[in-house]
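Heads up, the next two complexes both have chain A, just with different partners, chain B and then chain C.
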Partner chain A sequence: MTNEADATPVSGQVQPPARTSLRGLIAQTEIDLRLFGMLVALGAILLTFNILSEGKLFQPTNMVTLAVQATGVAIIATGMVLVIVSRNIDLSVGSLVGVIAMTYALLMTDWMPALGIGADFPFRWAIALGLGIGLGALVGGLQGYIIAYVGVPSFIVTLGGLLSIRGVVWYLSSGAAVSGLDPSFQLIGGGAQGSIGGAATWILGLVGCAAIVALLVNGRRQRRRFGFPVRPMWAEAVIGVLGCVAVLGVAAFANANLWPEGLANRIAVEQNWGPAPDGGWKIPTGFPNPIVLLIGVTLVMTWMANRRRFGRYVYAYGGNPDAAELAGINTRWTILKTYVLMGILCALAAAIASARLNGSTLDVGQSYELYVIAAAVVGGTSFAGGIGTIPGAVLGAFVMQSLAYGLSFIGVNSPGQNVVAGIVLIVAVGFDTFNRRRGS
Partner chain B sequence: MILRRAAVLGAAAAMVLAACGTGTTPAPSGATAGCTVGVSWNNFQQPRWAAHDEPNLKKTVEDGGGKYISADANLSAEQQLTDVDTLISQGAKVLILLAQDNKAILPALQKAKDAGVPVIAYDRLIEDASILYITFDNVLVGKAEAEAVLAKVPTGNYVLIKGDPGDPNASTFLPQGWDEAGLKAKVDAGDITILNGPDGTFTDAWKTEKAQQNMEAIIDKAVADGNTIDAILAENDSTALGVVGALTAKNYGFPPLSGQDGDPANLNNVALGKQYVDVFKNANELGKTAGAAALELCKGTAMASLTLPSGLIDASVAPVAGLSAKPFTTPDGTSVQSFILQPTPLTAENLQVAIDAGQITKEDLCKGVDPATGPAACK
Partner chain C sequence: MTVAERTPLVEMRNINVAFGGVHAVLDVTVDLYAGEVIGLVGGNGAGKSTLMRVLSGAHPADSGEILVDSQPVTIRNPRDAKAYNIETIYQTLALADNIDAPGNLFLGREKTTRLGSMDDSAMESETRKVMGRLNPNFTRFKMPVRSLSGGQRQAVAIARAVYFNARILIMDEPTAALGPAETAQVRNLVRQLKDEGIGIFLISHDIHDVFDLSDRISVMYHGRIVDTVGKANVTPDDVLGMIILGKKPGEVSEKELAELELRTQ
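Coming up: the complex of A and B.
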């Protein structure tokens, strides 16, 4: 099956033009110009705020904060791409995040102790996480079933979900905030101790670099084998070098973020590290756990979307539902699965949100659906169906969050942040629509 | 259909009877026997009313020989109008209204007036000169927050975390209280610098997550600028919870932080030393005040000459203006009689008050607190 998927021509793999203009050279590298453009836009936004804040924004700790703040929305956006690609929508994600976050909090504070699973029980965090993921899959699956098999429009089903699931959050806690999660669960949310550390970050960077090279080599060999045109050697080299520099650069940047001194000193005393070196402890935090989780989710989701039968079915259905049906694709089952996936992703986002808060409140996850849809759409997902990429949606989430964080950093209040976010959403999609029309 | 018509007829008959009753029997002067107090709750599902307000209100009324009847409008302004009708027809001599909507309640108020029933606006204002307004002072809440934190940190760098920009409590009353406690004077004198702009940072819909994200950006900015955050004024508990989340994520330590509402999670943070003060509105005392005032009104006492029995409510929450009803000017400029109770600032020193008031169990308050080093209430 994978071979067949590979053999399917993907847009962009046209015969490279032989011209030697800049456009021609870029076309020969086959870089996704859309994604590249978004990266440039993200850079421009950050640069603008860096100037506005007199050069104070570009610091590892600030960038780490921004990235961690974006993870929840980015993780769900990877699934929202598939939902929107298959011509549906999911408005219930915010409420689902809320109910799962509250479940995590209540599991660890009330329910598990009541069942005799006390605070010192091993792997409580994993039990809670597993139950949360199960709950997400169940609720997502139920909504997906009603949409796919009963045939109620997804807008209605998930709008109902948005309202009723948020109501359930209230009943779970009687409206009160619940706090006091397990310390090990809190590590999911990041922070100095919830990061993978300097060495692991370097290893992750090197693995990423090796993976890029391996993918390039493998891609070239496959193309040869099936008689597709290959990229010029210089283009392969440029992509490989740029990719590696970017991955290792990000790793180095994350490692420049150090443990706060007070925390380092406290842990040093607790764990008998001996006297502090001159200038104090300098412990790199590296990537925080939520970022690692996001990287993992993005890779798995991209692989599912591009390499697995399920993903290809989703795009086929989105491109032309009737044709997909006639081609023998079990479209209902496919649609149901996209909602199960959404539920699981919501459970992961809820874990990050509740871990960061060390608890949950009535309003956790509120209006996530709007941010998530905005991220997917800014990232190039089309409401007409069939079009959208997962890395694009993740980038979209980062674009939206960098605006919110940057404005907050320079002291613009939330009404102002909302004004800017709304305008950017419209401009981004407008620009994209304009480009596509011109291209076609 | 027939059943429904019968019910309507029955209700109408009851109303006629009730009207006859009030018309012919003169109110027993000086006695509260037979005084029926009708309470219309707007939403009894919110745990506070059932847990604190109602039991105290009911007990005060019944201890005084009165009868307590009530109805729950379940968040519907329309239902509340019907409820008020029913309460009057059931013979209520005094009405206590927790209005779902302070405008939509006006027809009900008119009905009460027509029936000669005095109305107490409970916790939420009704804009009408005829009512008695019983509530906590929201400006005083802000004042209590700032007083506590200013006493702890008289000079230094402050961060202001406000609530929803559309809520007058967030944009006007609470900051007014902060300024009355001396915040503005200290800023003008240069003793206090506000790190996040002159107006602080608003939080959409008082959302905890939003407050956390904003606070993280403020901490990053302060660190980048080389500033230390010495104290944080957060307007309420949901935003204070977000601030604690941000401080934890950043390993910043816990500078003195304010909040209000007495939410269990925040009281636990006070016990843990993560939040310095939580201003608490003791709803038990509000219920007692309304019960006592209703009994007095039953006797035919004019609103302007109402006095609460001494010793009924705790001295720490008693109105600053004393135990007699005082005129209060509403935002629309109407003058009404009122009892405005004082909020209680809770710090690690007096957390026992929250346990005694039934706001939180000792177990919840002291979760994760080391009894040896924790506050007195956790020993």
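Coming up: the complex of A and C.
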């Protein structure tokens, strides 16, 4: 153990006494206890429903479906954290998802062909996605401008957005459902072919492990460079090993999900794979594309929140708007940017939703705003401002989705699921409030 | 060399601020020299804080001009003020409670890496250095400042002002929330900064603080400057009289003086 040598004493730095209690040991690892508690709660929920469903829930295909269903809400929740942290709200996300989903559908069925961008045009899916993201950023930016620069309360602006944007969806398609997206665009929604496959999943898992180790090593080197106290070596090892095991475990689980036999046989014939091996084709799907997208969004958003000035300003404004202003921060521009970000995230969620539907209907994204806010709040975001984490909100989305999915799995109908979701929301926030009050 | 022969660090000329119909600051002119402490005193609502908020960029003046090193400058927001090395320690401290000490010290002026990300280690290192001077026992660099004591929070606010090479420092009631030991510490700091050639505007209710630390005292009353006097030329009672009656000592009638003595007893 190199504890003493590592921690070069800094002026006035009092070394914490060696602690042997469990609480002390956990404190030394500097693990975020809130997040850890949520992971435990999520595990408990899944385990309970697995037992109630006699082991069916933990079948890979069910778990993958559950995860994919959570992605839309989880992606938007990462942005909602920043909006709520900066003492605002966005009620318009559901309608925005609806209008962008409809835009994707119409782009690929009507608008792009009318402009001569036919079905064979390369990267049509990317053009559609880019236009959708642009639309999201534009609408988000407009709402953000009215909130930050004109000064209309965000609740009002986005409530107006909720109503009027949903109305626009109807006008876009004259009330009709639109279907028939590009096959390549549909892959954004996941499914066997919309997954990255076994090898890529393992590679992603290994990259994740390497990243965890690199972060730990780099963090330790940084702290030693400036002579700050560092975590004991055993704590670093525990975090590293636990992190890698978790990442590789999830990858293994995703790879335990196999292509449906019928699809595998059909593709095998189409692409001349030769005769099926004994017991049929066993092709791992690996991570579905929407999960990969969610992982990417979570990483980028966490990086922006914790490592970039923009994130610091969002939290500073939420903690004390006057202080942020007096520190010379351009607070209006910061607020506007949070809404632009929300629009972009809505466009990504809309891509997943419309790809899964292979089209769009009038009510895509309906009530998303409520699920998204619930996910953020269950994930520890406080309406008082200044408090909330992005991984927490993603976990919150998974907690809420696990409850809904688990309940439906054991035969509880949708109104029953809503009753439970509502109660869980209140209990989770109540518990959190109690904990914080006791802690302060 | 007398004070009058040097150029002032900062001059505020004919400053006016009105909130609706109320003149919070009325045609006020003050100046401040390097290494000088001006005590700014007055009753509640006399306009001291508003005047200083103009200088720190927190509130624009309706009219008047500000000169730094005899050059006219425009201060529209706190960023402008900071660009002229005007730093402010607000009475409320203006800290983001949910952020740690280094985050607050560098708020709005974060150190970044080459790729534009925040360099937390570098900021913590600098914070440890400056806090080591101001409050050597301070160790809670990773805690949100919410969990710090009043004195520690004050130290963070002061550290923020002095770290960025302030030339003009505005201190709004810096000792109001502090205990005796911490107050003494702040007083020592003011003397130290003054010796380093920093010009300080000190807003205080505490007449002893003001007499202890200032070179000149400006008394405000209902938005106007009653008078700016050298400390050596007045007594605390004279200053109290100006604060309460809004008149220079010579202008006060016997009757008013008698009333004043009744009120201060």
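In the analysis below, the second predicted complex is superposed on the first by the 422 of 440 C-alpha atoms of A that agree within 3 Å, B and C clash if a C-alpha of one lies under 4 Å from a C-alpha of the other, contacts with A are read in each partner's own complex, and residues count from 1 in each chain.
The rule is short, and it goes like this: a contact is a pair of C-beta atoms (placed from the backbone, for glycine too) under 8 Å apart; a residue touches a chain by one contact, two chains touch by 3 or more.
Just so we're clear, the structure is a prediction, and the values are computed from it rather than from any experiment.
Chemist: Counting only touches as set out at the top, which of chain B and chain C does A:Val300 meet: first, second, both, neither?
Modeler: neither
Chemist: Looking at the overlay, does A:Leu163 come into contact with chain B only (first), chain C only (second), both, or neither?
Modeler: Neither partner.
Chemist: Examine A:Arg312 and indicate which partner it touches, taking first as chain B and second as chain C; both and neither are also allowed.
Modeler: second
Chemist: State whether A:Gln222 touches chain B only (first), chain C only (second), both chains, or neither.
Modeler: second
Chemist: On the superposed three-chain arrangement, identify whether chain B or chain C touches more chain A residues.
Modeler: Larger number of chain A residues touched: B.
Chemist: Just to be sure I read the superposition right, which of the two partners does A:Ala327 touch: chain B = first, chain C = second, or both, or neither?
Modeler: second
Chemist: First (chain B), second (chain C), both or neither: which does A:Ile387 touch?
Modeler: After superposition on chain A, A:Ile387 lies in contact with chain C alone.
Chemist: Just chain B (first), just chain C (second), both, or neither: which does A:Leu47 touch?
Modeler: neither
Chemist: Intersection of chain A residues contacting chain B with those contacting chain C?
Modeler: Residues common to the chain A contacts of chain C and of chain B do not exist here, since the sets are disjoint.
Chemist: Could you list, by residue number, the parts of chain B that touch chain A in their complex?
Modeler: Answer in residue numbers: 46-47, 165, 196-197, 199, 201-210, 212-214, 216-218, 220-221, 223-225, 237-238, 241-242, 244-245, 248-253, 263-266, 268-269, 367-368.
Chemist: Help me check something: in the complex, which residues belonging to chain A touch chain C?
Modeler: 10-14, 222-223, 225-226, 228, 303, 307-309, 312-313, 315-320, 322-329, 386-387, 440
Chemist: Within their complex, state which residues of chain C touch chain A.
Modeler: Contact set of chain C toward chain A: 56-58, 77-79, 82, 88, 90, 92-99, 103-104, 107-110, 112, 116-118, 121-122, 124-125, 128, 132, 136-139, 146-147.
Chemist: Note which residues of chain A are touching chain B in the complex, please.
Modeler: 53, 56-57, 59, 61-62, 65, 68-69, 109, 174-180, 189-192, 259-260, 262-263, 353, 356-359, 361, 363-366, 404-405, 408-409, 411, 413-415, 418
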